[in-house]
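Shared between the two complexes below is subunit A, which has subunit B as its partner in the first and subunit C in the second.
What follows is the complex of A and B.
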């Protein structure tokens, strides 16, 4: 009963050609998608890798892998350079600036979104224009104002200055998010007896979560990285923040690359953590704010 | 009611903001608090903390508040503080920006204090002269604490005997270069390149003045052009290609890999080289003398301490400055940083004579036969001319996009113009 040649099942040819097509598609997908993404990832990850290598390998080592691993540079930055204190200050300034920026941006954004008043467009233009003024230009006027308010050498000056610089963009972004929430929903809540504030808190605010996260994270990261204000408005060793501490690792005639890299890792950790937690809201938030603004 | 709550919340927020981290003004009764800004905060912080501890123990009625300012931003910090009227009592200042601070009338001259002080006559005369030459009225606005000198660092296992002449230097550089990645020399092509090029050119040419009698810059002297032509020819042949963007951290890091035999920098990077290679493998020699046989060096900026005019405790501030430049303190500070003490008594300490590179530097500086070329730090445009204006042009020279002659003519013209303008402004 042998047929001599094994008969190929009917669907086998189709399956094989389908498999070839799939393989072709997969190859095309790899070439179009994964290769460019891989290259881009390599481009962005390599500097971080080098930062980790310098942070974890002993001084004087030139190996491309951090082995043997040492934490001496982290000890240097944390204990000797004073990162423990700088980190604490950065967290205080970053969190307060985040809270202040977010609260004020919601208030300002609501006004721009829901009310039509004379000069509204001009106000938006002025808000945008403030983004063109570099912080360095305002250093001396701000310094004088803070001095007369008794805020020099206080973290309060950094929180105020950073909040003020974060606000224009944050208000514009937030106004876009609020506009995306139909006013009719708010009106319905008011018809049911809510005040405007209650309607906003109960109906609008829960829908603003992506916007709040986008605005808050931008405010936090901008404040966290701000070197200029942190150095200029503070002249007390115990009130400096992380970016000032980071610059201590480069002296006039010498640079401690291990400490610089370890400091960079410590400075990057909170920012990376913030992004890791919020990234799914952030993408949605940015696109919503951009398109519907 | 609700709006009252909201306003109350805002008021609490504002109060909390205003109070954050503010702790200044915690004055102890009966104590004078002075603020000291270190103009190179970071690695030097523990040194100053130790010295402040010693000072406070010797002067229990004075408390010194230390603030470390990152070196890259120190001028901007001083300018902002002066404009805002919030200067420290004592600040670390170098001759690089001394004229700028004096121009803003921010500093108190120390001549009278020094005249009555125990350290009078014990500070290196060339450093004092360099400070006085930097300002128009010749007053001592800065009390020198240290100075530096350009040297060429080399790896002893690659170069057993350092070159004594420029010809030997060029020969050694070529011989020590071996494919694929061993280089005889590294050029500083990025930030800070011009000062090093000037030091090399003047050492080679033996020209001893930055301007001739008519006020014309000597930067484009034919011998300087000759040196720069030779240096540019070395780029990529005997030096790494990446040198075109070398600032000092990159240059020091590249030298730390052990692939480069010689590197021109100053005494300040000694600790980095020791960390990378070990003290026994590192050597240093002063830039060789040129064909004239006369050793010529370009004066490095003098680093020291200034009392600010805005200080409310000038006597306590001077007391601290006097303590910092005393033999013990000055010796301790310079031993830790590996630089040349300004206090001549400290220059004789065993740690100075025991470090060959430092002894070489002190001997060269104190040798009456050494000609010192003083760069015109007093010119307001000097910093911009030697940084923003000409650093990119020097990169063009290395990349063969500009000739050395054209480059030096351009720089000379800018310096000549700046000098003429300065002379005019000061009745010259």
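What follows is the complex of A and C.
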């Protein structure tokens, strides 16, 4: 009874001031959402923009807008400093490491997701523990190993080392993706006479596309960006990868900002493109796999 | 026979990974432990041999740079993780709202995540160099922020934030998307305002994601060498040298592997100790 009486004036009040309140809410939304987002976007984008400006305007120009546009810095870094070679090396290392990581991650992830075997939890613990192993601090023993394997100055050392450091997280992520594919579908295929491998290839693999994309690009970006291994295991300039080449540019061409910026653009373009494609898989993949553990 | 084969399947599947991890992660750690008790310097091979605890004695009692780098490592990790968590959380909450252009905004603010430490260095050198940088426009002409003892720390912190915040935001956004919408509705029906909904619904649900993100990132920032190695080289006057950077410099520049291994062991022990302590204190994964 009394609540009914109370409710009516309150409701009437609300409709009377509805538009004013909505206006206030809009202003609140701008302050809460767009202002901080805009500020953060500036913080993110201005550094990229600054690099582009330096890469595209002629040396000596100080305009904040790169006009007239010149590509002289790109020809300098690509042909004279050797970015064509660095780029090729980085692509070789990145693609091989991507392939090896993805194949091994599918195998390991499948074992973790579909089988309950002895040593499974130990394997999980080892994978998680590896996340605490600093690559920078294993430089010394890894150098010795690669030296005895005759892999110093070869891209093989980088492919191996990067794959090993990519693998643990990739397996954990991949097992999350595989678990999300219902086992019953696979079982049905096996009942129909498929081998496990055929069933996997025909039924599971097509549904794993987001997982393959997420894990593969994660491995590629990580490998493309790795600096210390390449710095330590490769000292011949014709085996430099992009990050080493870039650090060399920073050191040797410190006055030539155009070259530095153009080298930076060359280094950034592949990963930023890959990233733009995978960004939504990434968030989804983490909520599907890693956080759940 | 068939059952035996079926039992072998998971082991066959993980065997390449096990071999790789054993050969390139476990064995190296063992050999670091071994080298740390040896004199081993690639530039002075004639002096190699058993050293006992000499390397550790030298580290603890004679090497001021070890203690200095340790102190800087702590300052670096705590500052970076605190700020990255704060900004990452705010950013994740913002891009979790629905608004026009959200997809593009997400791609843009997350993109520095994909950029390497060396590239971050390249970009921020352009921004920080007095003749070329953006600080000119902020009324700070002709100061070399990276060469100045007072400004070098905030300068490297900002550069690393630029690259580090997106990872936090990505992990926390994934956590936010796992919170059922009904909980917010129920809280709103109960009359909870925005701040109370954040405190009583969002934060408890993000707990594990926050603990995981801070731990992973702390380890990562601890180990992160690329940026400092290329941006400041640990300088000026070694004030931005972290322990792993110190080890890497030892390994790359002076090839003193015995002493470098002793430093590495110290790094392992510290990392292990704080990781376990952190997981215990935060009661990660416990039912509440």
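What we mean here is this: the second predicted complex is superposed on the first by the 233 of 293 C-alpha atoms of A that agree within 3 Å, B and C clash if a C-alpha of one lies under 4 Å from a C-alpha of the other, contacts with A are read in each partner's own complex, and residues count from 1 in each chain.
Criterion: contacts are C-beta pairs under 8 Å (C-beta built on N, C-alpha and C of every residue); 3 or more make two chains touch, one makes a residue touch a chain.
Being a predicted model, the structure only gives us computed values, none of them experimental.
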After the subunit A overlay, clash or fit between subunit B and subunit C?
clash
Would you check which partner chain A:155 touches, where first means subunit B only, second means subunit C only, and both and neither mean what they say?
first
Touch test for A:231: subunit B only (first), subunit C only (second), both, or neither?
both
Name the contact category of A:247: first (subunit B only), second (subunit C only), both, or neither.
both
Figure out whether A:272 sits in contact with subunit B (first) or subunit C (second), or with both, or with neither.
second
More residues of subunit A are touched by which chain, subunit B or subunit C?
C
Which partner chains sit in contact with A:144 here, subunit B, subunit C, both or neither? Use first/second/both/neither.
both
Scan A:257 for contacts with subunit B and subunit C and give back first, second, both or neither.
both
Name the contact category of A:46: first (subunit B only), second (subunit C only), both, or neither.
second
Partner chain in contact with A:182 - subunit B first, subunit C second, else both or neither
neither
Residue by residue on subunit A, keep only those touching subunit B in one complex and subunit C in the other, then list them.
136, 139-140, 143-144, 160, 227, 231-232, 244, 247, 249-250, 257
Seen from subunit B, its contact residues with subunit A in the complex are 2, 13, 16-24, 35, 37, 40-46, 65-73, 76-77, 80-81, 83-86, 88, 148, 248-249, 252-253, 256-258, 265-269, 271-272, 275-277
Considering only the defined contacts, which subunit A positions touch subunit B in the complex?
59-60, 62, 80-81, 89, 92-93, 96, 99-100, 136, 139-140, 143-144, 147, 151-156, 159-160, 195, 197, 227, 231-232, 235-239, 244, 247-257
In the complex, subunit A touches subunit C at residues 33-34, 36-37, 40-41, 43-48, 50-51, 54, 104, 107-108, 110-112, 114-115, 117, 120, 123, 126, 130-145, 160-161, 163-164, 167-168, 171, 196, 221, 224-228, 231-232, 243-244, 246-247, 249-250, 257, 260-261, 263-264, 267-268, 271-272, 274-276, 279-280, 282-284, 286-287, 290-291, 293
Please output the residues of subunit C touching subunit A within their complex, sorted ascending.
7, 9-11, 13-14, 16-18, 20-21, 23-25, 27-29, 31-32, 35, 87, 90-91, 94-95, 97, 99, 103, 105-119, 121-127, 129, 132, 134, 162, 170-171, 173-175, 177-178, 208-209, 212, 216, 219, 222-223, 225-226, 229-230, 244-245, 247-248, 251-252, 257, 260-261, 264, 267-268, 271-272, 275, 285
